[in-house]
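Look at the two complexes coming up: subunit A is in both, with subunit B in one and subunit C in the other.
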Partner chain A sequence: MRKIRVWKALARGVLLESLRRKDLWVVAILGFLIICAAGALGFFGINGLQAFVKDLGVTVLGLFSTIMAVLTSCRLLPEEIKQRTLYPLLSRPISRFDLLFGKWLGAVVVTWAAFLLLVALTAGALMTFNVRFEPIMLQYVVAKMMGLAVVCAVSLAMGTFMTPQAAATLSFILAFGSSMLIRGLIMAYDASNPYMAWIFKLINVSLPQYSLFDLGGRAANIGWSPVPPWVMAFLFTYMVVYCGAMLTLSWAKFRRQTI
Partner chain B sequence: MILRPGFLIGLLAFSAFASVGWQVQRVKPIVNPTIRDENIDVGEDSSTVSLLGQFRTTASAWLWLRADSYLHNGVEMRPLSETEAKKGITVDNAKDDGNERLHAENEITAVPSKDRDFRGIFGDVERRVASYKDMHNHTHNDPVVAMPLYRLMTWLDPQFVQGWTIGGMILARDHSGDGTARSLAFLREGWAANPKCVDIPSQIGYTIYSRHGDISESIRYLEIARGNGMQRLNVMDEQERDALRTTYHFLAMAYRDAHRADMEQATLLEGMKVFRDDNLMPLIWKRQGF
Partner chain C sequence: MGARYASPGQCRAREHTGAPKASRAETDNCAVIGDAIWVEDLHVRYRAKNGRWVNAVQGLSFSVKPGEVVGFLGPNGAGKSSTLKVLMGFVEPKSGACEVFGLKAGSLEAKSRIGYLPEVAVYYPFLTPVETLTLYGELQGLSGASLKQECRDLLELVGLKDAQTKLNKTLSKGMLQRVGIAQSLLGKPELLILDEVTSGLDPVGRKELRSLMKDRQKEGATLFFSSHELSEVDMLCDRILLINKGVFVEERQMDALKDELRKYVLVYSGAPPLVGLASDLDEVGAGSIRASFATKQDLLQGLDRVSQAGGHVDDVVAQEGSLEEYFIERIKEAA
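For the complex of A and B:
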């Protein structure tokens, strides 16, 4: 119970810090851009472009929320260390793992809040164009939120190993390039020898499978059914396992770090 | 009135900027010529290019890919790589649904099918969450769905010839006189932006030939396409060469229907000289008893 209170307090700190830094203003500006883009499309007329507008909506949501997740998470620890605010935190009766977990939780809360804000704005913009919403849209939002939790965990882990700038760069490469890397592995797998094939398998399981959390293709196009519950359960399990692995990795580095 | 140096420098700088701005239209033919390599490389067949082809970032290229995605109802397709072709992986060809240009795709799904995926459960889940289905003998959504995108991409990039020709083809699917008129108007708009290209006048000529039956008008456009092609024979890309080859086919047939055997013969001779590997022109030549 005490642990939960600690994690909650740390997460609240991240949220307040984010509000203080006016990060959510960035989200508001991005949301304003969404409205402007929707207005521009409306100017050209969107008769027949409903699928395109929906596709654009999910693309923009994915892009902006990932940027938010990476930028929020990868600076959390390095900034605490740089500004020396870590000392008073660690002087309290909390473990280093608690600190990491609380920070990650805070980053997830901030990212989810930003994502839901953008979802509301995008939904509003889409509704003005009479775009129909199907049940899969709800699954898209839930799966995306799980995916963003993984992005936060990976970025936080990067932040414990390198400078915030390097962590952000690498996190962006992974967030936007991992699906391309995996496609590359699949294409190269058939032509590889057995040893390389094992290496490809190892790389594949190590890379974060962000594309699995993106139901945007199904949500934006017409007539796709919702995914079965076992898939959502798998995504949840994957999120828990991968986030757990990333937090453990961060803790392994952070617990021996001299501050 | 005393002119201060700062004011003078500002005035001079403004004049310099204004004159540069005034002259900027002159560089348009260089930076944005009316004819260029319009082909988007998503059709390249090496593994790397096939992969990176999905990441072309210009707005019209992105719209082109989106339009392709809508025609497949969101199922992402990519060209078959050379290695895959050698491995005997079959192309997910479309059903012959009357869209000749859409039918000749030579693509497979970007999300791999179970038999060519080593990822196990990850692959199974991706096939469930992505807009994926078995695309062997697939059909297309009505291309009219994507027509606004072709309008948008040609508006953004008027030199993107493929956008004009596919858009023209989509509009021409409406076989009524209205559909043909809209297709021709769209193609003529594209031709005005790309006066030296082969594809667009060739398609105008073919549309007139097949729909209006106005052979002399059709010949006029096909001859323009042929002339444009002959001027740029050595710098044409594969797509434009194909357009020129088709131009020779239709031009020969148009001359045949116009009972101008001498012109038909000359067209075929020239066409066979340019395209030595062509099968159709020698066949017409033989059938006509030249």
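For the complex of A and C:
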């Protein structure tokens, strides 16, 4: 119970700071602009282009929420160290893992709040075109939220090993280029000897498989059926395992770090 | 505040030898731990930007008894903050032992008994003082109405009642230091470790802080603080520990040190100079002599001699010695 209270307090601190720093409001403004853009499309008439509008919606959602996740998470720890706000935190009877977990939880809450805000605004925009919502849309939202939790864990881990700028750059490369990287790795191990193929496979498995969480392609199409429940269960398991691995990696670096 | 009890697993038989290592009030089975802070042969080093190791603390040993107020002094770069960081578990020492109430320094159990004020008062700019204290209070294990009440009381105590809902980024350095002092007092810690405690405070703030610290001491808390403000040290401390370049220089009881630094001055006329008794003799005009004495005993003897010689005592003054001069002299000697 005490640990949960500690994580909750740390996460609330991150959320409060993000709200006061107006990060979420920036997202809200961006969402408003999406509605305006959609309204402009509506002005020119887009009957029959529901799939395009849905695709545009999920692309914008994915883009902004990932940016929010990376920028919130990768600066959490380096900024605490740089500004020396870490001292009064760590002088409390909390472990360094609790601190990392609480901060990650805060970043996830902020990112999910931003994502859900965007979802609400995009949904509002789509409804103006009478776009039909299907169960796959709900699965898309849930899967994306799980994917964002992984983005937060990866960015936080990067932030413990490098400067916020370097961590943000690498996190963006992984977040937006992971499908390309993975495709390249698959091509590489298809063309390699067994030993090298094994190494490439290992690298592939180690990299975050963000594309698994992206059901945007299915959601954008009209009439596509939802994915089976075991797929969602697998995504959930993958999220738990990968986030656990990233937090453990961060803790391994941070637990003896001189601050 | 009496001796603390550590669990048998946390106890180890130890033997201290030589000054300044204080004897520990331990029983044979090591169940009673007497010291609030115990540091033995501490070595701390950092890797500099050029890749070289820099020794911040070298073989430091000292102890602080429960209820004591101890000033930790030394020039910039002496290793004070490094030692305090080891006590808080922020830095892993290269070697040596460091315990707080018989518990490993930096352990969660040890930290739950400490209130810490960092050297630089920086708190989340987008939180208010009351939110800041609530956050730290929750991490300390406090919750509910009692936490809210304690936050309110502490902010009132440090004079931030009217600023409790302003964002930290709008507060002055002195006000942030007050936020820091308030957060260090959350949960009524048994040991207060304060790094540069008076930094940023105005004279009124310093006086209030002194009174607050004295109150905490009366309640039984142990105070261990570093400061460059020797007047604060003079007014607050029972004992001082002096370090320079990471090496222990000396420890002194403040009462004894003040006695040693105090000079007694006798101005008299109509009697011969008190040669051999006074440490310093000056003619101050019209047959008056000003004699300085190192001890009260010498002064009394001087007064006797003047009286026996039929002289006239014009003035007797007890001059407090300068702690600053003493500090500078000792650091020079150590260097």
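Everything that follows uses one rule, which is that the second predicted complex is superposed on the first by the 259 of 259 C-alpha atoms of A that agree within 3 Å, B and C clash if a C-alpha of one lies under 4 Å from a C-alpha of the other, contacts with A are read in each partner's own complex, and residues count from 1 in each chain.
We adopt the following convention: contacts are C-beta pairs under 8 Å (C-beta built on N, C-alpha and C of every residue); 3 or more make two chains touch, one makes a residue touch a chain.
Every value quoted in this text rests on a predicted model; they were computed, and no experiment measured them.
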Answer with clash or fit: subunit B and subunit C placed together on subunit A by superposition.
fit
Using the superposition on chain A described above, determine whether A:R256 touches subunit B (first), subunit C (second), both, or neither.
second
Looking at subunit A, does subunit C or subunit B touch more of its residues?
B
Counting only touches as set out at the top, which of subunit B and subunit C does A:R2 meet: first, second, both, neither?
second
First, second, both or neither for A:L90, with subunit B first and subunit C second:
second
Between subunit B (first) and subunit C (second), which does A:F200 come into contact with in this model arrangement: first, second, both, or neither?
first
Regarding the shared-chain residue A:G13, is it in contact with subunit B (first), subunit C (second), both, or neither?
second
Using the superposition on chain A described above, determine whether A:A191 touches subunit B (first), subunit C (second), both, or neither.
first
Smallest separation of CA atoms, subunit C relative to subunit B, angstrom:
38
Can you list the subunit A residues touching subunit B in their complex?
44-49, 51-52, 55, 143, 180, 182-184, 186-191, 197, 200-201, 204-205, 209, 211-215, 217-218, 220-224, 227-228, 231, 234-235
Under the stated contact criterion, what part of subunit C meets subunit A in this complex?
46, 85, 88-92, 108-109, 111-112, 114-116, 118, 120, 122-124, 126-127, 131, 134-136, 138-141, 143, 167, 180, 183
Within the complex, subunit C is touched by subunit A residues 2, 5-6, 8-10, 12-13, 16-17, 20-21, 83-85, 87-95, 256, 258-259
Of subunit B, residues touching subunit A in the complex
47, 50-51, 54-55, 66, 69-70, 73-74, 76, 81, 83-84, 87, 110, 112, 116-119, 121-122, 125-126, 128-131, 144-145, 147-149, 152
